[in-house]
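First chain written, first letter: the chains are A, B, C, D and E, and each begins at residue 1.
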Amino acid sequence: MKAVPFVAVILVMLIAGPPFLASYWVGLLTQMLIFALLAMSLDVLLGYTGLPSLGHAGFFGVAAYAVAVLSTTYHAGFWTCVMSGILIGTLLSTLLGLLVSHVRDVYFLMITLASGMVLWGLSYRWIPVTGGDNGISGIPRLDAHAGLPFAGPVAFYYVTLLVFVVSASLLALLVSSPFGFTLRGIRENELRMKSLGFNTWLHCWVSYIIAGAFASVSGVVWAYYNGFVSPTYLDLTASSELFLMVTLGGPGTLVGPVIGAGAIVLLKNVISAYTQRWPLILGTFYIITMFGAPQGLWNLGRRRRASS
Amino acid sequence: MIYIITQFLNGLFSAALLFLIAGGLTLVFGVMRIVNIAHGSFYMLGVYVAYTVIARTDSLLLGTIAAVLLVAAVGLAVERLFLRRFASRPLPQMMMTMGFALVFRDAAFMIWGGDPFTLPYPALLAGSVETRDIVFPAYRLFVMLVAAVVGLLLWVLNEHTLIGAKLRATVDDPEMAAATGINVALVSGGVFAAGAALAAFGGVMGGPILGGYAGMDLDLLPLAFVVVIIGGMGSLKGALVGSIAVGLIDNFGKALVPELSYFTLFAPMVIVLAIKPTGLYGRG
Amino acid sequence: RPEALPIKIGFIAPLSGPNAQNGRDILNGFLLYLQEIGSGVDGRRIDVIIEDDEAIPAVGLTKTRKLVERDKVHLMAGALLSSTGYALAPYIDAMRIPMLYPVVSADDLTQRRRSKWIVRTGYSGSQPNHAFGEYAYHTLGLKKVATIALDYAFGWESVGGFQRTFEAEGGLVAQKIWCPVFVHDFAPYLAQIPRDVDAVYALFLGRSALQFMRQYQEFGLKQRVRLIGAGTTTDEHVLPFMGDEALGVVTALHYTAALDTPANRKFVAAYRARYNRVPSYYSESMYTGAKWLVTAVEVVHGNVEDSATLVDALRHVKLTDAPRGPLELDDYGNPIENVYIRRVERVNGQLQNTVIETIPRVSQFWKYNPADYLKQPLYARR
Amino acid sequence: MLNVLDLHTYYGDSHVLQGVTMHVDSGRVTAVLGRNGVGKTTLCRSLVGLTPARAGRIVFNDTEITRLPPHQICGLRISLVPQGRRIFRSLTVEEHLAIAGRTRGSLAGVSEKREHRPGWDVRKVYDVFPRLSERRGHRGDELSGGEQQMLAIARALVANPVLLVMDEPTEGLAPMLVAEVGKLIRRLKDEGTSILLVEQNASFAVKTADYVHVMSKGRIVHSSEPAALWANGDIRTQFLGVPRVDPPVARD
Amino acid sequence: METSSACLVLEGVSRHFGGLKAVDNVNLTLQPGERHALIGPNGAGKTTLFNVISGELRADAGTITLNGADVTRLAAHQRAARGIARTFQITKLFPNLTVIENMLVACEALDRRRFTMHRPLSSCADLVERATNLLDEYRLSPFRRELARNLSYGDQRKLEVALSMAGRPRVLLLDEPMAGLSSGERDVMQALLRQLDPSIAVLLIEHDIDVAFGFAERITVLYQGRVLTEGPKEMVSANRSVQESYLGLLVE
């Protein structure tokens, strides 16, 4: 509840700001929104259900690939691409969820890492479809494909913002819903949940599917944003960066991942313009942040506010 | 037949190397519950330090000792100054080690550049053992032997001293461990340093064959994790069985169905976890 | 007056991560040339804005966007990986910014998926190998060869090029072994190499080249089966770190640091003096690339704002005194240049790629008719 | 022996101990009573260094221990039987006693010999709790609640404490064992060990203790001999919520 | 004894841990509304029996019938759905949720709305009301907004019991619900237990004999995994072997 004024201010800035920004900044802002959505979807697993997934970029990537393959090889229409992207990503999480939902803790970390690596391997090796290492380029531009009357980065930004706001609202509703609370219960004490009568496996599975679905949404947007896909979309680095966004921002909150995603996208792009030693700086930043705010930046702010 | 024997030996060598690398990881996880993403960095630092020292002194032994000691010191510092504060809080600890992985990786690039290199063979072991048609490098046999010795050492340490029990107590309940008189800081610092040292040692052992190169830290980390997970996090026996299983399956997999070589590594893990969610010898 | 403003060049390459050293080599070559010409072109200073693409295509694109939209560069140069190369192309075309690819070697960039605004000054993966296949059959006298290579597009194109001309002359590629790019222990693959071939053709680079060489010798194969390969396997970016195991390996590439021409001797000396290392083909690529670029800018008298004329000028540059020898573009935007057959030798205690034969003016289409050539599919795994 | 002066302890912002002043006399059993949530456990935690006090002093045999880390306080031979047992889940009974024991050396050597040593050792502990001896190879999380409680007591005993802090040591023990613990406390006292006993089981505490402090809302509100406490109906109902008059059985 | 109307019937239930027979061939019948106490020395197998009934552990042998249906093979959550609720001897809460959230999660457990995703939990007025009422009943309302892990031990124990009531169970298994409570709180808890819906069958583990005998009309004594005696409380308290094995103290 305390988040409301903060969220409102940010939202107003997000809506009103871009027309006054240079196209490059609008682009960065778009990226932040896409990753923020992705990070929020991971947070459903990581922060709420307590399932640390290290293969989450997989769904993102698969959805992006679906859009890429359909739009380039098969020249499919806009809605076909979008719907298939989301559907395929969700379907994948449904299937993988069957495999991983009974595993917990580090083992969950590792089994999702493995499934992520397998997906990466697939994107790398299933050359006739994915183009292998070279990836697929030539995804049509959003405005052309969707038949939008406006073009350009600002228009794309607003489309992304719309998707983001809708998804974020859905997610916010989800985590405060009865179902959202069952996820927290599982995170806190699964045994107790079972003895209270929850089929925890089922709840984990459903949360995995939901997380996969929202990741797919962001993957679809990302595909249009970049105009190409490549295996690096689903590799371990992508997944672990995502993981960092969530933990840095504050797992178990929805604002946290947004902050984390924003901070990391911004930092990476800004520092690297000034120094080639940016990984060092970024790493130091992670360490310091975790040191000072082990619960994430957002929770740090919250505790401060609560105590004052 | 020759082919099979060679592949079998290759598999065992991979297993030995994996065991050396994964041993430290499972040690640190088993007693501290830290998923140490920086483990690969320690491995990398070991190789780089050894490389530098060997280049200066021409002594493999000195290089190994320097690598092990220096990396242990780095590990100790990381634990004392950073991880200690978050004892028994796995997520912040893991994120910290991720940060360190990034820092070490870039620092290594800054100091040593990104050129690949290999460590020299010990002169004694440069040749190969040849029996009829089977040619097998002597050094690889040596690594297998070393891994066996290290495994034995760890086992003895764990089973026959109180260190193992104290370590586990520290993980189970650090507060009570402290109230029972265990110097938790000392114990966890020691273990983390030992895990780092083991990684460095593994790196040096693999050095003549795999060498050092930019990106090596994250290259081998998933492998080590797969081994540890198959065996069950924290179990020494698990690490041993896991590395042999992975070593053999991966080698034969690559040889027999090269198309699937991207999957031979992970498939066994997924199968094991699907059946037993805590690995072969792991406890929930 | 616009002339007073600097010419802005955006440069991207991987400067962190596993490919950072190659990225650095490229950058070093670039900076070396710009330093040599000093004052700039036609009274306009040259500003280089450097960005790290982390060898991730999406990052490369973001950084390119930044360079183009925020820094308003006049032209772009760089990129290392094929995937980045392909990823940037649509954006480059849309923004109409001339871009120079010094090393990206994916065949199709100048074949089936050409881009108007991209000029390649490096080579295409199969280009030197076409020449090498024929040479291996006729001059080296090999009849039956096994190949072992990294399992990705660069590997397939190189092996494919070699196989095409080698078999066209009558040779036989008996077996093709592919190693995943992340492999470190080559033992399971080495065990598959048939012993009854005349030679093994290997394609690796960076650490995999180093490890492969080591292990090839370790398993006693070096004494038994002759080793040849693609140029990257013994390129100067790894050669200094190899030992005797590399001696005698014969490879083909469009450059070697041991090339004995005045232009190259000068370049190598300058490069060594500045960076204290032997230039690799990556270093040379962007040195020559910079020279190419500057030449084109001179042609348009520093009027880089007119990108259409600039890209036209870029396409019509001819260099006669590049370190690697003369080069010019074919109609498809890929250089026609010499290919050198090199053998690793130890000279003054240092390993080097000694030129044993120069095959002049090799095109990406070798001796084939471009139109027919392009009707065939791209080289792939099979 | 132990003097606590105006102790203030916080959890984050919540001020739990609000100036506790009390003492434990050498060789005697001192009980602390109070309703749920008044801060008894917090007091114990501050004593052994788990939640260091923010203000005030704790002096143990002339040594100020207020800010010492727990393992050093343990080194001064203050042992804790924590509330909620806090057994190490992955350690066997034997390992618990081995690491807590004031003996160095390997596991194998622990269970035998040492009969001649004075003080507490594994054997003596097994004599008091034969059940533990039967379960010696079992891991902590395989023990029943009562067995864990016995182990928690045993773990504190083998350290041969000078001061034993027991936070509700009878919880979950069957009546016979509660009596056994009562006997044990008396025996320890006879051996010269000082004991701080926190108890809910007021009648047990009153029977066992030589001196009682009653705590309420982070303060000591009453200190006296047990008999005097029992006689004071106000205190009993107000701070302990013990309405029944149930005169304690006289000892000895 | 009437088994057809019984709500819980155990027939020959056994559970072994390695060589240890923790529960050995136990027969037990619970009628609706019955108040039944399970007593026995530490390590007798009481908690294990609970685990087997509630489904945390599988029975090695025997059958468990709940309201006429065989539930031996069902998972814990399925049994809970059929009306079994339990408390844990070693507190199992949701430590990082607030007290009210703990309660709400428990309340929605057997509610169809646990899969609802489109409206906030706080808008489910009846659930919130139930949770609030339960907290009031158990005197936990002052801590509504505290995180469960910050409660004192005794309050955690109360919450532990309160959680089990949320699902309107038909069969309630209480594992030492009084442990850790101060005398005053014990009385409150006893009163609460007495006020439970008379149609619920309650099986209570308790070491405090007064409480056990005051609450239950039937008693089962477990000893080394086996049922030593079972019957009305007068009969059990007269039984000699019970006195020896368990109530030893009383006849001291």
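In the analysis below, a contact is a pair of C-beta atoms (placed from the backbone, for glycine too) under 8 Å apart; a residue touches a chain by one contact, two chains touch by 3 or more.
Everything quoted here is computed from the prediction, not taken from an experiment.
Chains that count as touching both chain B and chain C, per the definition above, are A.
Of all chains in the assembly, those touching chain A and also chain B are C.
Taking the CA centroid of chain A as reference, the farthest chain centroid is that of D. Remark: chain B and chain E have CA centroids separated by 47 Å (rounded to whole angstrom).
With each centre defined as the average position of its C-alpha atoms, the distance from chain A to chain D rounds to 51 Å. Chain C has its Cα centroid 36 Å from the Cα centroid of chain A.
Chain C and chain D, compared by their mean Cα positions, are separated by 75 Å. Annotation for chain D: no residues touch two or more other chains. Shown for chain B are the residues in touch with two or more other chains, namely 106, 262.
Shared contact sites, meaning residues of chain C that touch two or more other chains, fall at 16. Pairwise, the chains that touch each other are A-B, A-C, A-E, B-C, B-D, D-E. Contact residues on chain D toward chain E in their complex (touch as defined above): 11, 14, 34-38, 41, 83-85, 131, 135, 142-150, 168, 171-179, 200-202, 240-243. The residues of chain C lying in touch with chain B in their complex are 16-22, 24, 177-178, 180, 182-185, 187-189, 191-192, 206-207, 209-211, 214-215, 218-220, 237-238, 240-241. Within the complex formed with chain A, the chain B residues making contact are 29, 35, 37, 82, 85-86, 89-92, 95-96, 98-107, 110, 218, 222, 225-226, 229, 233, 259, 262-263, 265-267, 269-270, 273-274, 277-279, 282, 284.
Considering their complex, residues 160-162, 165-166, 168-169, 171-173, 175-184, 283 of chain B touch chain D. Residues 173-174, 176-182, 184-185, 187-189, 191-200, 206 of chain A touch chain E in their complex.
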